[in-house]
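Note that the chains take the letters A, B, C and D in the order they are written out, and that residue 1 is the start of every chain.
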Amino acid sequence: MSIRIIITGGTFDKHYDEIRGSLTFKDSHLPEILKFLRCSVPIELELNQLIDSLDMHTANRLRILESCRRAAEERIVITHGTDTMVETAAVLGGAQLAKTVVMTGAMVPYIFNNSDAVFNLGCAIMAVQVLPRGVYVAMNGRVFGWDLVRKNKELGVFEQK
Amino acid sequence: MSIRIIITGGTFDKHYDEIRGSLTFKDSHLPEILKFLRCSVPIELELNQLIDSLDMHTANRLRILESCRRAAEERIVITHGTDTMVETAAVLGGAQLAKTVVMTGAMVPYIFNNSDAVFNLGCAIMAVQVLPRGVYVAMNGRVFGWDLVRKNKELGVFEQK
Amino acid sequence: MSIRIIITGGTFDKHYDEIRGSLTFKDSHLPEILKFLRCSVPIELELNQLIDSLDMHTANRLRILESCRRAAEERIVITHGTDTMVETAAVLGGAQLAKTVVMTGAMVPYIFNNSDAVFNLGCAIMAVQVLPRGVYVAMNGRVFGWDLVRKNKELGVFEQK
Amino acid sequence: MSIRIIITGGTFDKHYDEIRGSLTFKDSHLPEILKFLRCSVPIELELNQLIDSLDMHTANRLRILESCRRAAEERIVITHGTDTMVETAAVLGGAQLAKTVVMTGAMVPYIFNNSDAVFNLGCAIMAVQVLPRGVYVAMNGRVFGWDLVRKNKELGVFEQK
């Protein structure tokens, strides 16, 4: 059984541009992260896009849906910005894919030494192996069905709708 | 729903003693780790022991079993050395606890910047919420029933028996 | 012999605000950093301000000068934003303090795992002990007299004027 | 002006062997460290040996001396185990090299997230540029002449003899 990780950017993969002094995108950190996870499940990485989810339009979300459809794997993890993760989850949920899809991201970029990125990745990689077909969001140590979750923007946590 | 994390030491919590130049135990890192996980599931931490699992005797394992029995929580994660994790899992599995117990650990101590500790914790915290009653081992991104797993000591990975 | 570290903010001490998804100021990281440096020179920390040096006005720089004058110590390190570090150095240099003052900062915030902050601090703490009275800038592994240095903003490095 | 860094191992470059659960040597971390230091002084790295300084014999120390003699650079930093750093410094000091040589190391390996390694490197790289010809030890934020320093093994710090 193998897992496809579809990378779409978000806070998870933000990069620090020291000339401008701002957070931006450059490459994904997933290849580097996989080296120390010691995950024995075969993983296929797909760099789909690197975008802040606040900047996503329908076309961006449909591109993710298309990747899910096209994937040979039946178990897919998607790294995504947290701000509109629920919106993309709805697009995927509505498509009734015969796959297990778990979306995750990070409140603090991986490059920070106090990031939640790797913890969330662990939660998602476990969830995608044990949950039945469907679309889910794994954040804050919990997993939610795509239509039962929202992001609480004041507290910066995901919660049951 | 809350989770109890029973800390027993192992490579996960090794500490570097710079006077002796060796790895030893001092305190657990779990309190510090919990701060950046942003886990919204209530977690109770229990410092049960801090021991290398190669140094465990039956009494050490029975102490863990006793803690599992006594716990108010029905979902328990145990951090444990990897070398004899399967032995302790057998003691717990044989006790037929009416709880979900997931054991995890680390091949590389948390204090190293390329550790698998936090990833494994994510896997375990997710597994303990979605799996039914039973005793499991969550390592290398996978979860195994307690009686179906062994540690491959040459490769340093956990695999199906 | 003791050293005063006057903290003024800059990229060195930027903090990630996960609700807004931006870099801001909160507390200084110097107290935490000092714990693992194992520096046996007595160090006095002074939190002077926490500001991006692009936002500094003359009043901000004069406040730093006043702190240098008032300091009991004759050896002072100042952590400062890199963008206008040379401007503040000129204010201090022109005051002809009978002290050794070394300014430093970081191109990448300390909180990032690939930061130059600690390396620069090492350079500055060494420079302030061995250099004669005067005002200096220690960046990129080098030390410059205050009137002989500029920041190359395209390359993001400090160089001889 | 360029600097040669002669790598000899020591705690600085210890590597965690997860199969044996012990600290050993594999490669030096200096190439990776140089990437984020943003040091604009040209640096030549020389992998001389990777050894715990407690295991050094005269031959090991003479090999370092030979490298110092042969070096085209007049400014040399040596990363070395702290336990017998002073012994090697004496061998180099007695040779009366017409160069500036600064020895440094780490009490905690670079691979640990609370290591003093990078701070010490900053101190050494600054010291080697500003000090006159001679052999020095840079540890704990201070610099000592080779014949005026010892390691306090109870406290794990370097101090004036």
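Basically, a contact is a pair of C-beta atoms (placed from the backbone, for glycine too) under 8 Å apart; a residue touches a chain by one contact, two chains touch by 3 or more.
All values derive from a computational prediction rather than experimental measurement.
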{"item": "Chain whose Cα centroid lies at the greatest distance from that of chain D", "value": "A"}
{"item": "Chain copies touching (chain A, chain C) - same or different residues, decided at half shared", "value": "same"}
{"item": "Centroid distance [mean C-alpha coordinates] between chain B and chain A, Å", "value": "26"}
{"item": "Separation of chain A from chain D, taking each centre as the mean of its C-alpha atoms, in whole Å", "value": "43"}
{"item": "Centroid spacing, where centroids are CA-atom means, of chain B and chain D in whole angstrom", "value": "38"}
{"item": "Multi-chain contact residues (two or more partners), chain C", "value": "107-108, 113-114, 156"}
{"item": "Residue ranges of chain A in contact with chain C within the complex", "value": "11, 16, 18-19, 21-23, 83, 107-109, 111-114, 153-154, 156"}
{"item": "Sites on chain C touched by chain D in the complex", "value": "35-41, 107-108, 114-116, 118-127, 129-131, 138, 140-143, 156-159"}
